[in-house]
């Protein structure tokens, strides 16, 4: 088996679809399957508008999922995103609120909106930098760090809003970005941004060195370092990247609802994690894809949408979600086992 | 169905294991006599480890039967194998860093009642065995503080004191120094006297002849022969059996050595190294030889910037930065000591493993050229004759030796002008060894400089032009290689003797 | 002999580090208590009503800590084995509801108690089955059951009502409330002493027990553990069952303290538990961790949350806890790294 | 103990709610100004367990009085009794703590919900007698108080006018604005016939209206309903604009008066301290705090403005 002859034919025949693409295809299949199933069961489910809703309803968590997926692939968690969404939103409001309102919650710093946004982004990136500092410099497990920074971020948001929200005394321009509809459709700017971001992410992941390096780091950090990869700096960039996305999401949500709400994005970090894992990203790192994550989100969206259409009571909604996730995951593990048997 | 006499400790009957693409073990049948040391040899990928894994229930055979002392033995887990009286020392390290040495030694063998441990003579027994092999290891120390070699020793001690009738050792000496190998052999012989059967796998043929009673040869998963070593005439025959062609590897003085210095290291010191200075010339192969803990890996890692050190390292007169990244940029590459944990991306394919050390060659403006990756992979798979069914095979599914070749390919791809090879042929078979040696020589002939860090004297003497002898973190002596080099002197120096030799 | 020297050198430094790593959590606890006790001194005397060290306050804290205290020990062992259970909160809620239903329907204390514990066993076993048999990533598997158990808990409570509680039709028996509230020994309720008992047991298990050592082995190096003949599958399964049981005990404690079965009463428990276990210095990667330290971590968290109530507005809590986690993690890991490097 | 003036524990079920936020703020101001008393706010964090735990802190925290806001009365009962034994003045807000007999400031949310339901049904049938009424509620389906004070009476109100109206039921929006929006978008895409929506908290209404506008709904044709009518709770400055905008479908909202409520709760305590009210009676004394029906149809814009200024200032 060690004779050169064996290899010549394999130049052509030896290639094999990677487990990654396989899983991704599978997730796509499951998502479509679920949608068709729901369409078959529910009267008005099968319509274009409903398909659109699946994406428009989830632009926020999908955007977060992009940063989270990249970090997962590199072998790191990011549970801070939910907190950052709240923080950046609250900050953007607080900075933009006019000074001297009737009560503490209605008076802010009165910055021009653009400046307010920039400063809010600064806050988000600060959390990202904090993550990087603790994970890269102090070598503390990312799950601990980001759990902590998540609470810190949300904590600051709660302090600024006294545990509530700020929604008065805002400039009219504040609601602009979040509610700007595009191409004469009802689709809003944030959704379009999400789609663009998704495409960019896929390109980076598949076609750029940056994406490749992420996989190497996730697959074997030690070997990556000994192969001359600057691990620390790369992970730092990933955390800043993720925090930036979360920051933007927070600002856009705040703009859409014209309020900075300290509980916004509560548990979103887990939703982002779930859709990534549901999309076939390996929690151990080194394996997964953004496209998978996207369809992981769609799977959940279909379930939620169907449950809402049926006006299910909470109890059945939870049970239904559990069953759906279970089936989706089983399909993956089972198919992969079948393939590598 | 035939009757299976229990005069045999172990009997294999048409054993096979298939993986997609490979028949790792192909209808193998042979018998192992009681209280013998039965050696198992074969090229990388011959199927030795796979065979072992089936004997110990880590893998399920595709077909075939196993009989232990005449009784059918089909373990579904290492546990059952152990209860069936088979203890194993696997090729890869398997110790728990978080536990102490003693906890590791007793792991899985403790006496328990109602879910709690009860005192037994076990502790004393394992400690005794450990002391017999390596007295310097403290039983209460956390394993995380030990070296590769020491961890290996822990495993050996555990297997040896398991009280099993059959003990399988898959390349136990790969990480050991002569000193420790000698002690290990003592233990093995004692085991044999106390009616234990040892199945011994190694690529180091001298060990086979020194220790073994019988030998079984595998090739490409097939059983070639089983016979008493007394009837094998010398290495050459064994090697021919293994690969079907003779190999010679004795040093011939090389002509391409220039006297232009490529690497100049002076005054390297750190936790283990004491004021180490040396130089490497263009087109030269230098060897660093010493026992475990002598500082070989430390030197390699220091030069590569992977460990902290004081002192200076200059490549072609230019100082080299203190990180692997800068080292690689300057033109240095390292084949690390532990391929699985330090060299390979085991969850990725061969194709994805090769380019990592030379991204500029694979990309333009941040864009990655996947096409080049494929061609590069195919090129190196051929050049190093890596045994695989596809360049998309995950490297974790390659045999030990082929994994090493992939790591090698990584470094060659980086086109460095200085290669640091730490234990380059650890766990690599004779056939592949000669191939690797050829590659090394060719590199040197093309004008690259190569440093080989090895605990195999045969290897150092085989290919190196100059040899640095290390002991306890100090370069004790520098010798030019040649036909009439004094081996006993070398062994004397690296074991701490020969003070006179120090300048 | 080089090694001797090396070892002896490192051993001196590391013994100090080891000491700190071993005991820092207790210092933190003391520090927190002192801080909280002195915070109100301008207004109250040291042991007067209103001060942190007031007997009543301490009793309150220990009393409401019972659920957390009873869970965190088993949870630590699970995390030491490298696994995690995000469903503890829901399991706790479900047990609480079941227990309350039994009680309000006239089942006496002991049977009700035992049946609920059995429910805990079942819930834990389900988690164990998903993770060990079906090989689903722990995070996903237990997120599935989180959703499932919560759904069932809600299902058991009739719509439009928030909990199983006394009503015109049926009243909760007196003993129901006593278990979680009435002082037995030292004015502390049985629920608290149950937590103490469980912790003591688990400390012994971790020191001398098979489960303790095998959990560490499984978490530290699964393959090594397997090849040493340890049935890691069974170890993990047992640990999940153990966590399930403690979750049930927590549910009983919580429902009897509130004398009602609230299907949401366990919400967020998973995060709090993880928080205290990490605070206790348990490595998320598995292999390391001590039951007693987590117990201490729980006391710290509860002291902070309750103690701060009268000092700063409630909306400072999240921030303080997050910061606490980060600081603890940082100091802990910096120390331990000094020890090993 | 070196301070005069009482320490009052002021409970709110969930500080993240605007109404509770402002009544807490007002209570602190009012108590200090009028009685020189210090108010400490206890946030129930929308968690029944936390609320119950906080009751015990009233004693431990060295308070002289407390006005509770508890979702599960029986859970608080033992703590309240202990406090009474310690001679602490205990009162309750929203829900009576039965079997303790402490005075309670109760709401009449139910009346308002009923009225809103009736008004909406009437308004709809006037314009669209042909289109049968289909209603839905967004809020906390499993919450006793919300159910009895908002969901149920609203449904009754609608049915009192349109006996054969269809009720889809209550959908869980406890996750907040985003959830409310998602629900509206998904639901109305699949059930476009829905035409009466009760979104049971102001921050949910933000999401509801956002969802409607995304579907091109949420509009009135100067005063005439087109696709649906929306009711809300916690009338505030933001909702003021919409309720009195003849082209928005948000037309009614329950006005909960933070200032009035806060002052009422503090006063009740002081009345007990001064002996005007019994600390406890066999059948708990009840004082109703008012909830207002702010309605495009039944309340003048000016009055609403005035109410807003009185209750929220500026």
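By letter and in written order, the chains are A, B, C and D; residue numbering begins at 1 in each of them.
FYI, a contact is a pair of C-beta atoms (placed from the backbone, for glycine too) under 8 Å apart; a residue touches a chain by one contact, two chains touch by 3 or more.
Small disclaimer: the values here were computed from a predicted structure and weren't measured.
By number of C-beta pairs in contact, A-C leads over the other of B-C and A-C. The distance from the centre of chain A to the centre of chain B, with each centre set as the mean of the Cα atoms, comes to 43 Å. Centres computed as Cα averages put chain A at a distance of 29 Å from chain C.
For the pair chain B and chain D, the distance between mean C-alpha positions equals 73 Å.
Each of the following residues of chain A touches two or more other chains: 162-163, 262, 313-314, 317.
Among the residues of chain C, those touching two or more other chains are numbered 154, 159, 313-315. Shown for chain B are the residues in touch with two or more other chains, of which there are none. Contact topology of the protein chains: irregular, matching none of line, ring, star or complete. Shown are all chain pairs that touch, namely A-B, A-C, A-D, B-C, C-D. Those residues of chain D whose C-beta lies close enough to touch chain A in the complex are 15-18, 21-22, 25, 43, 136, 141-142, 168-169, 171-172, 175-178, 181-183, 185-187, 189-192, 203, 206-207, 210, 214-216, 237-238, 312-314. Across the complex, chain A meets chain B through its residues 1-2, 4, 7, 10-11, 14-16, 18, 207-213, 215-216, 219-220, 222-230, 286-287, 340. Contact residues of chain D toward chain C in the complex are 1-3, 15, 40-43, 45, 47-49, 52-54, 56-57, 59-63, 71-72, 74-75, 77-78, 86, 141-145, 147, 151-152.
Within the complex, the chain A residues that touch chain C are 134, 138-141, 143-145, 147-156, 158-159, 161-163, 262, 270, 273-274, 277-278, 283, 313-323, 325-326, 329-330, 333. In the complex of the two chains, the chain B residues touching chain C come out as 56, 58, 77-79, 82-83, 88, 90, 94-99, 103, 107-110, 112, 115-117, 136, 138, 141, 144-145, 158, 271-272, 293, 472-473.
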